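Heads up, the next two complexes both have subunit A, just with different partners, subunit B and then subunit C.
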Partner chain A sequence: MIERSEQVRLAESLARQGRIAPAVAACYQALRVNERDPLAHCLLGGLMLAEGFCEQAARSAARAIELDQRCAAAYFVLGLAYDRMGGLWDRSILVWQQLAEVVPDLATAHVQLGEALAAASFADEAIDAWERALQIDPREPRAMYHLAVSALKREGMATALPGFRKAGELDPSQDDFFFALAGYDAEGLPAAAMSDIGPGIKSQLRAAHAFAANDELFKSSELIRSILDGHSDDVAALSLMAYLYLKQESVNEAMACSLRALTISTKTPTAVYALGAAFARRPALAAHASKLFSALTTMAPGQAMPHVLHAESLLGLQRYSAAGAAYRSALALDPGCVRALFGQAAVALTAGDHTAAAWAIRRAAYHDTRRRGYFWGPYDAAAEGGEQ
Partner chain B sequence: MADDAPLRLYRALVKNDPAAAISVVEQVRAEGAEPDALLDSLFAPALAILGGSWADGSINEYVFTQASAVSDQVLSFVTPPRMAGDTGITVLVGSMHGDSHDIDKNIIAAALREAGHRVVDLGADVRPATFLQRVEETGARIAIVCAQMVATARAVVRVREMFVSDGRTDLVLLVSGAPFAADERLARAVGADGIVGGAESAIRMVSHLARQRRGGGSAS
Partner chain C sequence: MSTETDTGHATAGSDARRTPRRNARFPLGVNYYPLESETSGWEQWYAGDVEGDFAEFEAAGMTLVRIFISWKLFEPQVDRYSEQATERLRDIVDAAAAHGLRLIVCFFADDRHAELLDVSWGRDRDPRTDAYLIERECALVRRIVSDHRSDRAVFAWELGNEAFWCGFASGDELEAWAAALREAVREVDPDRPVMCAFDPETLFHESRVDGRRALGECEIVVSHPTMRYRTYAAEGPVTSPGSTHLDSFLLRAVGTRRPVLLDDIGAGTLEASHGEEAAALRCALYSGLMNGASGALARRWRDMATERRKPYFIDPYEAIVGLSDTEGHPKPAMRVLREFAGVLGHLDLRTYSLPHERVAVLIPSERRSPLPALASLYSPRSCLEAYVRVKEAHVPVTLAHEEEPFDPFAVLIVPSVTDLAGGTWERLASWVKGGGSLVFSYGGGEFGSEARELFGVDFLGHGGARARATCRVAQQGLLGQLEPFDVPADIPHFALLGAGTSTVVATDSAGSPLLTLNRYGQGRAVCVAAPLERVLGQSGLRTPPAEVQSFLRTLYGAVAGVTGCGPLVSCDAPEVEVALFAGEDDDVLFLLNHADRSLTANVGFVVPVATVTDIRGGSPAVVGGSSFGAPLEPHGVMVLRLCYA
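The block that comes next holds the complex of A and B.
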């Protein structure tokens, strides 16, 4: 366990609040008190990286590692700084390999290692690293995206597309989109105890969505069954049931529920989504999926995900330029959409534009590391002396 | 199509009877229904009835699951095949001698194959003589030569020379790669008939050539 000074605690607290400038000042203050404080250097590196000062971040992280060779967060900062500076792939590979040794079960270290290896043209070694990442964490979307891109390069789109879809399903943004369509914020849907659920259909539906958002699929489906026993034509319940069936890979059941919902009301976005997602799982139904996702772009304006789903269905139809346009629409709405960036890379590859593909992948990696807040996990573990 | 066809299909599904379900599909097809419309006009309404029966409790979870499993067997009878039908067009694809880049070549070959063309993938680092030899073996009339370096792109002229020296002026030579994308004159200089700008462009150009050939004689 690394002892945290008062100044470091202050810097941490400020950094977590997003108050970067005073946090940096507190880090410097901490270093004036003790220049050999690895956490202060590490935190300063993390803050510099967050602000785009990669060289300063690398210097601070390297000093932190010098002082504490097991400081995983510092390896993170150093590796990401090298990656973002570009052209330092040899150093980057070394850092990610060291991180993988320090924390062998950290899937992200292998994902990053794979990216550095791929950038240095070690394609086979990169694939090994991403496969290792998926062995450690089968729900790691970025490793799956990379494997899909590799499959595209070797065997073409038909082989790669299931990988893109699988990666998309692992990406939490697709689930969040379903709940947003249903009118809920997935993060603000804490699952309640069954006994706390009110008798009204509205509270039951909310609870069913909350269970689903928290991966309590059985409880959610149990609740939907009881809703349908009283209101068999409830389209929200039918659509949620379709979503739950999709989560369990029961595609035809999902189709049946969503088609029933759409028979009752054609203007049910959650049912359109669920039916489109079910069709998308059947390669022969790509055209049907495309029509539904195209309709969804109108039903859910301002959302990037329908454009992404539409683009993926167009990839299945070999309409690569149209898919590129759909990805661009998604990125116009959400420039940090990792799934759209990987898709854009795939489209660029089909057009032989390797530079654009590499750039899109680098942007995807950048946004993914930012959105998932990789820094704080290893940092807190280092500060508390715990394992990752 | 008879109005009750979706209902008959639904009944076959809940009876867990794949043969009866497929027979309904075949009857509807025999009545003249368009194959492409079977999913929308027959399968989807039958599944909607199935979903409704499960929702209102007419059938239980077990029957619903069984019926869904049967519907999976029926699905292939109401959906178009995933791969396009064989166009009969044979296309040679390979990377030029001295060029080991194969990503574009792989993507183009896979896309053409998926579009129903007969693709002969010669791999990377292919000698000009091999292109001619494989043209003779396969009867292909279209060759796509990929090159990612200026030197190998310039060397594509040797493929054209090889074709001409053998009297094969009828062969269509398409080129692909960054040097050609950057300078179209290079493509003309090596005797190429066109530049393939990626997978979609390859599909478009080969389909266009196929239509032209159909108008003027043999397709392959």
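The block that comes next holds the complex of A and C.
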């Protein structure tokens, strides 16, 4: 365990509040007290990287590694700084390899390693790295996106498209979108015990959505069936049932449930979503999926995900410029939408614009790193004395 | 700056294969490195076909070539000079003279391929600080200058390249070395320009060494973005808008009245395609000319033949991307350079001149404050953003340093500043009272009594960071047609202001003033309560909010307009940079598209235009009105001679 000085604790606290300048000053203060404090160097590097000052970040992180060779957070900072500085792929590759040795079961290290290898034009080695990341964590969406992009470069869209769909399914944002359409915040839906669920349909529906959001699909199905026994025309229940079937790869059943919901009410966004997602699983029905997702963009204004889904269906129809426009719409609503950025890279590749594709991928990686908060996890682990 | 080279023959009527007429008043050329392949040894210094290459330079319309001396080759043993090296340099100088080229001779260049400085007898001593080595360096300089002082082909003596200057640990050491070497040149050649080929801004960024005092003695200074600086200041592809404005930004930042040579221009890494290399070079060349550069040097003549590297490695100062490929076949960038030379050949810079810029973005002295003050790192990005936004408003703009006098300017933009040096607020207040217009955006820190009085506001405290940028327009038309917005943005600071004597032009969502205008004496003081330029500058890999960009563009344009220094030429495309070279009977209009898409720029003039003609020749097109549309390709350029009705 690394002893945290008072100044480092202060810097951490300021950094977590987003008060960068005083946090940096506190780090300098900590280093005046003890220049050999790896946490202070590491934190300073993280702060500099957050502000986009990559050279300063790299210097601090390198010093932190010098002082503590098992400081995973410092490797993160150093690797990300080298990646952003560009042209330093040899150093970047080395850093990600070292991180993979320090924390062998960290899928992200292999994802990053793959990105550095790809940027250095080592395509085969990059694919190996991403496949290794998926072996460690089969639910790693960024590795899947990269494999899809590689397939696109090598064999074209037909081969790549299932990869993009699979990556999209792994990306948690699509499930969050379904629950948002249903009127729930997925993160604020804790699954309750069956015995605690109230008798009313409203509380039962909420509980069913909560089970679904927490991957307790059988409990959710059970509850939905009991709702449908009494209220066979409940469109919310039918839509959730369709969603649950989709999660279990039962596409025909999902279609049946969502169609049933839409015959009762055509204005049910969750049913439109479920039917579109079901159609999207059948390549021959891509045109239908495209129409449904297009409709969903007007039913859920201000949401990026319908535009992304629409764009992906357009990719399936080989309407690349239209897909590009849909991705742009998604990014206008959510500039940090990782899935849209990877999609934009795919569209750029179909137009032969490799620079735009590389830039979109770099931005996607940046936003993915940011949304997952990669720095604080390993930093806290280092501060607590354990590995991540 | 003039190379006084022969003017060649004209191409009016336009046979593209003919040599473009050369413009002695704007030297155009290339860095000519000693080695063309990584496998070549240091002793193969300029062992290639120099004569043939110089013939190609001449054919392309170039007038200027930078060559690099190899100390290792010239002085293999202490005080024993190589006759072979001396003769080879003589041949180079003769070849240059034969082709009407002028040479910049760089004495001490750090180049990891050619090992120019690695004298074996120097051991591990530092050539920048070791007294004995400096003595030997002076002797070498005296010898070479003495050999060539009567050669007209030598245009200037250059003490070192930026990779070399970056090795200094302090400004004092740098200045002492420069003074010693300059003195050595002057002992033999009192007339020719002496240069120190570093850009003060990029050098400071790399080494935190302030080299500006050493430049004080130089007759010509240089400006260039290094690859690292480009990544720092304008992250993104080399053809992204921030990046394509960076060359002119640094050119303006040099801020001297001496000629500025825009050197090392063009793409620096192999990551860009040939098309992107050409686009980057085009933007740098034209925007350099449009912003008052006195000459331009492309980064490299021929691609360095590199070995297959596993993994690929790029040194930050390594120049490996040239105008032609390793086989010598010209790349699209070469065509761009030729075309530019053709345009230059038809632009008489004695007759046409750019207007004096009366709008300036102020580079605060906190740029040079030491860490942990992050202002030194935020500042260049904020200034670049402000500069680009003023450019987008088509207002002629330059950069000024805080310590310089403000009198030459009518509008000053002070972007996202945390603190100004002591006395600056008083100087600003006096300048505004005399009729100047100040646009200041709050960058955190205190809002002192001078600032409160100048802006006519009460400072109620620091409002903290915000996740959204919101603007509600309270007084439409007072500072242009501002559009309200509410967008996600990381706002690090927000000054809580009380209106006081100022007029609130816009507020945030809670009604707190965002933009205020105060009449102070005969001038105006405009305050923006949040560091919006920093928000844009810090966006990096994120997408900068277009609404904030538009807000600043409108604000700057409006303030310049009401102060009487608005655009000379109106243009409806913000991405298009406009420059008007005014002549006696006619003007020359430059339009440069910084966007990566085709567009038509509708330009308007106060006086009706009778005809427009491509500067390189062709039939005049009748306009007969005060506006016309100019179609521009992605990163395309149009240069038109305007005759007024």
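The working rule: the second predicted complex is superposed on the first by the 388 of 388 C-alpha atoms of A that agree within 3 Å, B and C clash if a C-alpha of one lies under 4 Å from a C-alpha of the other, contacts with A are read in each partner's own complex, and residues count from 1 in each chain.
One rule holds in what follows: contacts are C-beta pairs under 8 Å (C-beta built on N, C-alpha and C of every residue); 3 or more make two chains touch, one makes a residue touch a chain.
The structure presented is a predicted model; accordingly, all values stated were derived computationally and were not measured.
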{"item": "First (subunit B), second (subunit C), both or neither touched by A:Trp89", "value": "second"}
{"item": "First (subunit B), second (subunit C), both or neither touched by A:Leu117", "value": "second"}
{"item": "Which of subunit B and subunit C A:Ala64 touches, first, second, both or neither", "value": "neither"}
{"item": "First, second, both or neither for A:Tyr366, with subunit B first and subunit C second", "value": "second"}
{"item": "Subunit B versus subunit C as contact partner of A:Pro335, first or second or both or neither", "value": "second"}
{"item": "Touched partner set for A:His354, first subunit B, second subunit C, both or neither", "value": "both"}
{"item": "Contacts of A:Ala21 with subunit B and subunit C, given as first, second, both or neither", "value": "second"}
{"item": "Which of subunit B and subunit C A:Met305 touches, first, second, both or neither", "value": "neither"}
{"item": "Shared contact residues on subunit A - subunit B and subunit C", "value": "354"}
{"item": "Complex contact set, residues of subunit C against subunit A", "value": "227-228, 231-232, 235-237, 239, 269, 271-273, 276, 309-314, 316, 371-372, 374, 377-378, 444, 465, 488, 492, 538, 540-543"}
{"item": "Subunit A-touching residues of subunit B, taken from the complex the two chains share", "value": "39, 44-45, 47-52, 54-57, 64-65, 68-69, 71-72, 75-76, 79-82, 103-104, 106-107, 109-111, 113-115, 176-178, 181, 197-201, 203"}
{"item": "Subunit C-facing residues of subunit A, complex", "value": "18-21, 24-25, 27-28, 51-56, 84-90, 93, 117, 120-122, 331, 335-336, 354-356, 358-359, 362-363, 366-367"}
{"item": "Residue ranges of subunit A in contact with subunit B within the complex", "value": "152-159, 228-229, 232-233, 237-238, 250-253, 255-263, 282-285, 288, 318-321, 349-354"}
